[in-house]
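Below are two complexes that have chain A in common, paired first with chain B and then with chain C.
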Partner chain A sequence: MILSKLTMKNFRQFRGTQHIEFAYDLGGNGKNVTVIFGENGRGKTSIFRAIMFCLYAEHRLSQDSRVDEKELYLVNYPEMERAACDNKKPVDCFVELEFSHKGTNYTLRRSILGMLDEGEVIQQPGDVLLVQRTKDGNAITMRNPNEIDKIINDILDRGIREYFLFDGEKIERLTRASSEQRKEISRGLRNLLNIDTLETAIKATGRLKRTLDAELERRSTGEFGRLIKQLRENEDRRTELEEKITRLEKEIDLAEQEKRRVDKELDKIREIRDLLDARDNLEARENDLGNQAKSLLLDMGTRTGKASLLLVKKSINRVFDHVDQRKQNREIPSEIRKDLIERILSEKKCICGREISTESEAFSHIIRWKNRTTDVATEDSMLNLWRCLSNVKSHFGDVVMNIETILQRYALVKNDIETTRKKLKDINNKIASSERADAAKLEKHRQNIESKRIKLETEYSKIKEELAILKEEYTKLSHQREEKEREEGIKNELSKRATLALRTYDALESVHNEFTQEIKKVIGESATGLFQELIDKESQKTLSQIVVDDDYSLQILDRGGRPFLANISAGQRQIMSIAFIVALAKAAAKGEMFEMPLFMDTPFGRLSYEHRKNLLQSIPGFASQWILLATDTEFRKQEAELLKQGRQWGKFYLLKGQGAGTTLINELDVANVFTVLREDMEG
Partner chain B sequence: MPNVNELILEKLKEYPPDVFKLARKALKLAGSFPEASVAEQLGSVVRQIVKKGEVER
Partner chain C sequence: MNMSGDIRVKTDRRYRILYNELKNFVVKDMHELFFLCACIGYRAGKSKPLGSNGEGRFWSSTITPEEYACFYAMMIEENDMNFSVIREDKTVIARMEEYANGGMEILLEELLSDFLVTSGDEPRLDHSHSKELPKIILNFIYEQILEIV
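And now, the complex of A and B:
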């Protein structure tokens, strides 16, 4: 998707009809950056809101969680006031977005009507219209909202829209996704990576396999029949658990939704807002620390294999000392090999050619020598064992140190979790004992929901563990079944069909795992590279790697490979999220430029000058289109100069206040923007 | 991702020809039909592969 033009009529501050044309590398001019500049309150976020409203019919943005629905109107207020005085007719408001996607041009227009009725704003959704023009000039007009939603969702999935169209201040939220958000993101990502077909193929092959196995079970007896039955029972149990998982996920989502609803209600009570803000921060910290603890436990798991050697440390030392002693006594390796001594004894002739009598003292001496010598194979084994044990012994120190470090870190994180929970409990109690009875009641309800959610999460984890065990058992049983078929020469047609379905199912599953692991690795590596490019030098020293977890949530590792997400700043989180978005787009485009705009609403607020500089120099080259909404404090002459140097900056719009509730959009030539920008203040 | 199915097929080539044949068909059908319908159509594909004696081992 490449945005070409946005037209707004009576939308928010934009009275009358106004438009913005976006820079989009028209005719290969390389200009793909648009800056929309304005002081706070001039309507930058309204432009972001206009795009979200037009594409997804959304009235609310993520940052509106603390805004009352009634206070949020999309239709221009002064125009509604004028209409209320003049003709009493509703004000017509619309947003029209022109964009192209994969060679097809689209014009999407969404309307809304608004009027003032005795001082109260009434808004009514209007029509939606999509015109699709193909390369050969054919135009199709659509008016069905569901059909239009589907087309837009196919172009840019609702679940990942915030990866491309985002509010800079909130982007760091990507690193703090709730279970519901993670699922939505994961679904959107799966669509973006186009592995849905593979997943349908796996399910269908699984279904075929179950049908054939059921038939085979009815006809089979003995050991083979028993294996088929066990496999079927295993699958039945897994299906049952997977259904439970789906149910639990829904219940967890509902609990989270209800918690958010209560939070919204609580937010309306001004007296406790500071407490709520503090609670939000603490809950985010608790979540991060929980993830950190989980990663440390996983890390511990991978190291327990080596650590198990510590259990036999005494025996290893004893064996090593014994062999080492013999080595020091020069018993091994022998000065002369045992097979040579045996040859001398059997031939009764010394290596110098002298005859040796069996009665001679030399012969007895050689016999004693032979008894002291070990045969070559044993000697080699002992020397190998000595080398091996020596290597193992040298790692004892490392293993102990690693385990101790992890345990210490885990203890610190657990301690932090406890402290955070204690603080949370105090805040919860303060809210619950608020003088406002409604706040106390809502808080009690919130606490009940939270305990229910924790219970559900625990049950969820247990089921996940049982599923992993069952899956392992299933693999073993499948191998046993194949063995049995081979041993007993089961060659009937039904059995062959069932086996082929099973092998194909396993093959598809294995390819799926391999593929998703590879993609995650590619995205993680690419995000790490971009992150290192964008982050300041000081942070580069501490932070080393971005990792995409199984659920596509993000983690960052420090130089020692330890999870560090809980400790990074909001600015670093913002850079990390941007690096991830660009990496994702790159993966989806398979190395080519991904056709999707990066629409950033005030992204520089929390960023240092070095971070801003890196973004301004790199993003135009990473993205096919960059639309930057910036305030006068974050986009000054020095930032403009940096952007200009990149030669990709094509458009500049100034949002100018025109009295209460009205903003005028003025286009300025990029060469002339310096007259409206603030002087260099720092850097 | 534009060529994801090609990448998947490339990986499937490492499997025996009978498995590759059935998996490729499953992917092709899954692009156009729902799960139940794909499973039903695959039933006759499996039968054909077995009848033609194309099953490995």
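And now, the complex of A and C:
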């Protein structure tokens, strides 16, 4: 998807009809960056909102959670006031987005009507229209909202839209995704990477395999029959559990939806809004601390191996000291090799040729000498081991300190979690005992949903574990079955077909596993490369690698390979998310430029100058289109100069206040923007 | 003392699932769990031959030089500073397998018993209760170190 033009009529602050043409690599001009610049309150987020409204009919952004639906006006307020005085007709408001995707041009227009009725704003959804123009010039017009939603979702899946269209505050939250968000993202990603097609093929082969196995079980006897039966039982149980998992996922989703609905209802009760705000903060804190604890536990798992050597510290010291003492006594390395002394003793002849009698004092000396020396191989072993143990010993102090630090940090986080939970309980009780009976009732209901959700999640994890065990057992039984087949020479037609189906199924599963592992590896490696380019030099010293976990959530490892996500700053999280998004886009585009805009609303707020500089220099090359919404404090002459140097900056729009509730969009030539930008000493 | 990488390291077949479950959770890899168990077993003076229960679990190529050095040190110490006992890595590993087997029994008795579910002969982790196991094991090591100090 490449955005070409946005037209808004009476949308939010944008009174009348106004438009923005986005820079994109038209005719290979290389200009793919658009900057939309404005002070706070001038309507940058409204532009972001306009795009989300047009594409997905969304009225609310995540940041609007505390705003009453009725207080959120999409239709321009001064225009509604004027209409209320003049003709009493509803104000027509629309957003029209022109974009192209895979060679097809689209124009999507979504309308909403608004009017003031005795001081109250009434908004009503209007029509939606999509015109699709193919390369050969044919145009198809669609008006069915469901049909249009499906097309838009196929172009940019709702589940991953926030990876490409995001605001600065939100992007950092990609690295703090809740389990629900992660599931949604995972679904979107699987569609994007076409893994679902392979999964359908696996299911179909699985069904065929089961039919053939059932027939084989009916006809088989003895040990082979028993194995076939066990395999079938294992599969039946897995199917049963997988169905349970699907049901549980739905129930969890429903519980979460119900919780959100109750939260919306509670939001309407003004008396408890402060408590709700506090609860939101505490829940976010609890979630954050939970992630920190999880990260620390993961970190501990990476330290146990090294820590174990402390258990045999005494033995290490004893052996080391023993060799060390012998070294100090100059017994090793021996001045003369033991085999030479042994030869002298057996030949009773010195190296100078003098005979040595067994009764002589010299002979006794040589015997004593021999007893002190060690054979070459043992001596080499001793010296090698001395070096290795010396290395091991040098880590003792660090290892102990690391263990102490991590255990202390974990104890502190656990303590914080307890305190947060206690505070949450108090707030919940306050809400539940609110003077407003409806609030108390809703809160009680919310608590019930929450306990139900926790129970469902626990059951979900248990089933997942049982499934993993069953899968392992299945592999073992499959091998036994193949062995038995070989041993007993079972070669009938049915058995051959069943074996073929089994092998096909196993091969497809293995391809699926390898592909997903590979994709995760590729995305992780690519994100790491980009991250290293974007992050400041100081952070490069600590942070080494971005890893995509099984559920497509993100983790970052430090130089020692330990999970470090819980410890990085908001700015670093932001850079990490951007690196991940670009890596994801690259993976989806299979090495070519991925046709998707990066639409960033005020992303620089938390970033240092070095990070800003890296982003401004790198993103235009990474993304096929970059639309940057920026304030005067984050986009100054310094930043503009950096962006200009890259020669990919094509458009600049200035959002200018024009009286109450009205903003005008003015296009300025990129060469002339410096007159409106601030100069700062920072950087 | 070659730090050979071609030895198939064995553990008791009854701990197959446990080794798999503890890998990537309490430790990063099999060899680390084996090392932990061997150190626990050696420290407590508890070794237990695998007998016919031995089952190849991982290749010795994954054992780190530091771990190998500790295995050699344990072997030498228990043989009254006789360094010739580390000449054959196979012998060293075989002895460590016995200590790891004994160490796993201690782990099961002292630490893991509350986190297991019984299913046939093979103990398995009860994941719903074992979230904090990495911390419990690290803490166990730490307490043992304090005793040393």
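Some points to look at:
Basically, the second predicted complex is superposed on the first by the 476 of 683 C-alpha atoms of A that agree within 3 Å, B and C clash if a C-alpha of one lies under 4 Å from a C-alpha of the other, contacts with A are read in each partner's own complex, and residues count from 1 in each chain.
Note that in this section a residue touches a chain if its C-beta (ideal position, glycine included) is under 8 Å from a C-beta of that chain, and two chains touch if they have at least 3 such contacts.
Remember, it's a predicted structure, so these values are computed and weren't measured experimentally.
In the superposed model, A:197 lies in contact with chain B only, and not with chain C. By the touch criterion defined above, A:330 lies against neither chain B nor chain C after alignment on the C-alpha atoms of chain A.
Judged by the touch definition given at the top, the superposed model places A:368 against neither chain B nor chain C. Touched residues of chain A were counted for both chain B and chain C, and C has more of them.
Of the two partner chains placed around the shared chain by superposition, chain C is the only one that A:381 touches, whereas chain B remains out of contact. In the superposed model, A:354 makes contact with neither chain B nor chain C. Touch criterion met: A:322 reaches chain C, while chain B stays clear of it.
Interface residues of chain C facing chain A in the complex, by the touch rule stated above, are 1, 17, 20, 24-29, 31-32, 35-36, 39-40, 42-43, 65-70, 72-74, 76-77, 81, 83-84, 86-87, 119, 124, 127-128, 131-132, 134-135, 137-139, 141-142, 144-145, 148. Taken together, the chain A residues at the contact with chain C in this complex read 296-298, 300-316, 318-320, 322, 374, 377-378, 381-382, 384-385, 388-389, 391-392, 395, 400, 403-404, 406-407, 410, 458, 461-462, 465, 469, 472. Looking at the complex, you find that chain A touches chain B at residues 192-195, 197-198, 200-201, 203-205, 207-208, 211-212, 486, 493, 496-497, 499-501, 503-504, 507-508, 511, 514-515, 587-590. Interface of chain B with chain A (complex): residues 1-5, 7-8, 11-12, 15-16, 18-19, 22-23, 26-27, 29-31, 34-36, 38-39, 42-43, 46-47, 49-51, 55, 57.
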